[in-house]
Amino acid sequence: MNKKIISGFAIAASAALTFGVVASTPASAKVKEITIAYQGPITGDSAQTGADEVNAAKYALKKYNDSNPAVKINLVIIDDQGAGSVALTVAPGAAANKKILAIVGPAFSGATISSLPYYKAARLPMISPSATNVTLTDKKSVNYGYPVFHRVPSTDAFQGPSLAKWAVQNQKSPKVYIVDDKTPYATGLAAYTKKALAAGVWVGSDSTPDDTKDFAATISKVKSTGTNVVIYTGYYSQAAVLINQLRADGYKGDFASGDGTLGSGFLEGAGKNAEGVLLVAPTVPLSVGNPAMEADYVKVMGAASGEYTTETISIVNIYIAAVKSGVTTRSGMLNFINGYKGETVAGTKLSFDRNGDNNGAAAITGFIVKGGKIVPIEVVK
Amino acid sequence: MINLRDKGAEFWERSNRPVRVLTVFAIMAVVAALPYAGNTFLQTPVAAFDAVLVYPMGMFILMALGLNVVVGKSGMLDLGYVAFFAVGAYTMAILGTRTGLNTWEIMPIGIAAAMFAGVLLAIPTLRLRGDYLAIVTLGFGEIVRVSALNSEAIGGALGIAGVPFPPGLGFEYQLLDQKYFFWTILVMILLVIWVIRRLTVRRPGRAWESIRQDEDAAELMGVSTYKYKIWAFVFGAAIGGGAGVFYASRSMVIAPDNFTLNTSILILACVVFGGMGNIWGVIVGAAILGYLPDRFRFLSDARLLLFGLVLVVFMNLRPEGILPRKKREKAIVKKGSGA
Amino acid sequence: MAKTILNLKDLTIKFGGVTALNSVNLELKEGEILALIGPNGAGKTTVFNLITGVYKPTSGNVFLGDVAIDGKKRHHITKLGIARTFQNIRLFGDMTTLENVITGTDVRNKVGLIGSILGTPRSRREEKASTAKAYEILKFIGIDEYADRLAKNLPYGVQRRLEIARALGTEPKILLLDEPAAGFNPQEKVELAAIIKKIRDAGYTILLIEHDMSLIMGISDRVVVLDFGQKIADDLPSVVQNDPQVIAAYLGVPEDAS
Amino acid sequence: MFDALIDQFWSLTFSGIALGFIYVLIAMGYTMVYGVLRMINFANSEIFMVGAFATVMVSKYVFELSNDAIPPSNVKLFLVILCCIVASMLASALLAFLVELVAYRHLRNRTTNRIAPLISAIGIGIVISEIVRILTGARTQFSPNIVPKKTLATFQGAEIRLDSTLTIVAGLILFIILDRFIKYSRLGKGIRAVSMDEDSAKLMGVNLNRVISLTFILGGLMTGAAGFFYVNVYENVKFNMGFSLGLAAFTAAVIGGIGNIRGAFFGGISLGLVEIYASAVIGTQWKPVTVFIILILILLFKPNGIFGEAVQRTRV
């Protein structure tokens, strides 16, 4: 943790909060520094997602700041523990802190929903690398994030049908059993996946909360239904535990999952059981989408990139572009984002529609694990 | 170590009425001015100080006061207190989004619902002894949370969003400046303190106190222990429910993960940390434990570690809490006139 | 002859396989001091526990007046007019002396939670009356100078007397005293005897468990002797004192030798 | 609804018993400490977690096993198992000893308040799990495959696997050793004396502090062994893994009658089975609800657990 950033922020924040009277930085003044924030889980059960995304953001900013730009960009880290309850405490602070021009995140949909009222009121723009819940960009939903919310990945509404299609590719008469982990992300994706399956294909569902250790009950249902495709819509670590137990109990069918499972963590956990696993994701890992950058990333950060690195770097790049174009206010940032047309670091198109969804994000890639690597095969339409 | 409680009590007894009134008003003024103290050393990094004052601090104080009636006053170990908070919050969220009722109209309904949940839990379980009660209440808390999580009709894992704000009472509640919320919760806290003080010096307070100290002896002295234990439980539940209603309305969004066992344990820690059975101690304990994690948010990674250390070290230094239970030799009832 | 106020009929209780009391009959007359004596483990405190509802009898009944009270809840029995003290002192240590007695008087109060919160006239009236009554009782027992002290900090003798005061607070018809003189020196015992007589003279009926023979002989109207859960004597103190069966029980002589 | 239960009954039963034995061993940590102190050791779940991590560390870094390598066999397998289980037991026992020293000992002599040590134990639990998180990271760590998941036999269509069998057999042996130890050894008798009546045990010359330390250490040894078996069957560890397992094990101890080690045995096995049967019938997401409703029902009819407490608190 960078102490300078933190103490600098503390001073800035105290200044900003003085009797709520805050003068936004006059556009004419010489701005030497711009602050953006990352919001996601830094502590708590899901801290790994936050660590991966923070590292990606740090990587992108380090590249930028090392190039000696006229205006440097600071990163403030807001830990919401991936939980709505904590987001409720930190979001008002971020909203009130006028130094923060934009947010990378929040990482999770639940925390996003809790934060939204504050960011809407403060018109603080946000672009999430990983919040894929459909309601966030659904005009009819109370969770609608307009005008401040944007996201790079496509929603579960796109991912679900692709997952349904990709999962059954090996089976002539597929029998699909769907398992979710009771998180907002997984239940949403499971529902869209189930909806997209052809009639008679779905044979059952179970929800295994993410602290489940023993999947024997789920496995018994998989076996007794004669399932030949298991779809797990949760995150990679539990996915690895589940597939290991399935294989140990002699399950021979296919295993498929969504973007929560995409990443080296799954391969590490599932080992040889991962072989042949079918994955879809609205993104590609940095190592696949941009191997050159991944190599540089490893050199700079000292470790391989993690989840949602492609998205996070791309988001920071939007903010960098905005700063380069002279943006110094939140409203300026919001206009810039809405008018932005560019590419992700993986080379896909990146621009936002009115609801905050990524116009270029609809493409869902299908992957198969081969030889201990997650290999992208094709776009699943 | 200095006994702060006795020092305070001594001061109180020495003072005459005007001084007392003045003291109360001075303290109230300082507390009420807290939302303006955001730029002082109190400043919480990342989180906004005025928001921290409302949640966790204000909410924790309110809930700790309620739990204190159960744990501190009556001696029943309740590890599932968050269940009542959740019942209140869900009542607010469901009625607030589906009917035209506003927060103040839902408040009594939410409190009643929490009290009903309290009775439901109390009747079969209060015959159990201390530690069994702990695990059963813990289980109840989990049952409530998991049931909410698994019920898509009330939002499932996503919870309920768009819970209406409380309507203003001559002022408008604001999202980005939470001082009105703080003042409202301050009024709620004062109300609860007033009620608890009344109960403490009267028959119910004596009944609870006797149950805590020696349940068998209390019953043989004619205290209807079962009835008073249920009352303690239901009274605590009512406060938790009221806090929940306000929390849901202020947060606008609630989800099952706001109501985990951790919250129950944290509230219990507030009660014990401050001094079980002493409302002033409980308030101080809850304020500190609500505030510290946000104050030390800049420690980021080591924040929870520090929190754990504080609990261990402090409990070892002051096992009876910051402001321990009454130790001085003075009846809290008025001296008899007919003596 | 005064009328019978408490009547124990064929009272039997078994714990596991052990019969702690075997078909004990006992009548308590209004206004008397009845001493219950017997060697350790004879079942004296068990009798108290049966009367106050701590245990349910395996068979037999306890009548208060004409009402069978066995099986009733303990606090209900207290309300019906039976109060007790404990052999091992069980005061509410964190309460003051006065509060201990007021807690006893609360059994006669009617105000509930809501009334207490609202501070209804009845609530205020009852609180005031209870406090006054508690003070009176403390004075009556002679420990009113300790009214504001925490019970746990009281001298031993005062704690014993406070136990009696707290029981009197419940306005009982019958007062059960479980070894009230335990640990007292001769002087204190004399004082206690005076207090017990004073209580009886104030209209209470007293059932007393005690080991000290001189105390018993001095104050009791009648003595019942228990041995191994059986009643072996029930007569005037002077008669019981010379009963060979009683002497045998106390000296540990086998029964067939008596 | 009951299809899976009927169809896969023996397979479920077998898994349930293996899980049950893990609960039994963790429950020992709760029930023994409760027996002597009348206090819930809330840090026991973290003691378990550290035990599980010890196995992963030893297998990964001492024996350099990995997920993809072929699992060891014969002599080496035996050596690996032995070293892992000993490491786990020792690590947990040491930690349990420290927990008692830091969180309980001082407080025990200073206050009659029974909730203060509880909070202190919760505090130390937070400290332990946070240290582990900071050291190992927040993500799930996967363990190398130690005991091959070989099918030994099939019974009514259920596969009886080596790893679960090892858990059941070794768990049973450990339990019997503990049971005998408490019953017949001098130290064990000291533990029983203290759990019956602390004061008279003191009068009889039992060194209270030593007995309490020993109880924590014994509980830690059992809990640590559970850590090994857990890793052996489920092959993953995480800094917060202790919470849900600890809660289940504690529930098991209560079902059997807390303070009673045979009760905990019964409670653990039945909880393992009930959890898995209930999950198969009404869905895994309802598991905590089922478990706690059963617990409440049991306590309603048997307020001291099915087997009763080892020692009843004396009344009046």
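Letters A, B, C and D mark the chains as written, and numbering starts fresh at 1 in each.
Definition applied: contacts are C-beta pairs under 8 Å (C-beta built on N, C-alpha and C of every residue); 3 or more make two chains touch, one makes a residue touch a chain.
Because the structure is predicted, anything quoted here is derived from the model rather than measured.
In summary, the chains found to touch both subunit C and subunit D are B. A simple rule picks the central chain: find each chain's mean C-alpha point, then take the one closest to the mean of all protein C-alpha atoms, which gives B. Of all chains, the one whose CA centroid is most distant from that of subunit C is A. Averaged Cα coordinates give subunit B a centre that lies 41 Å from the centre of subunit C.
In this assembly, the C-alpha centroid of subunit A lies 73 Å from the C-alpha centroid of subunit C.
One simple way to say how far apart two chains are is to compare their mean CA positions; for subunit B and subunit D this gives 33 Å. The distance from the centre of subunit A to the centre of subunit B, with each centre set as the mean of the Cα atoms, comes to 36 Å. Touching two or more other chains at once are residues 43, 182, 207, 209 of subunit A.
Annotation for subunit D: residues touching 2 or more other chains are 283, 285, 315-316. Taken residue by residue, subunit C touches two or more other chains at 54, 86, whereas all remaining positions touch fewer.
Those residues of subunit B that touch subunit A in the complex are listed here as 36, 38-40, 43-52, 55-56, 97, 149-150, 156-159, 161-162, 175-178, 251-255, 257-258, 294, 297-298, 300-301, 303-304.
For subunit B in complex with subunit D, the touching residues are 71, 77, 124-125, 127-132, 134-136, 138-140, 142-143, 146-147, 149-150, 216, 220, 265, 268-269, 272-273, 276, 301-302, 304-305, 307-312, 315-316, 319-321. In the complex of the two chains, the subunit D residues touching subunit B come out as 34, 38, 40, 102-103, 106-107, 110-111, 113-120, 122-127, 130-131, 134, 247, 250-251, 254, 258, 283, 285-286, 288-289, 291-293, 295-296, 299-300, 303-304, 313, 315-316.
Within the complex, the subunit C residues that touch subunit B are 52, 54, 73-75, 78-79, 83-84, 86, 90-96, 98-99, 102-104, 106-107, 109, 111-113, 116-117, 119, 123, 126-129, 131-136, 139, 144, 147-150, 153, 166-167, 169-170. Per the touch definition, subunit A reaches subunit B in the complex via residues 1, 6-7, 9-10, 13-15, 17-20, 42-43, 76-79, 83-85, 88-90, 92-97, 109-110, 113-114, 116-118, 121-122, 133, 135, 141-143, 182-184, 187-188, 207, 209.
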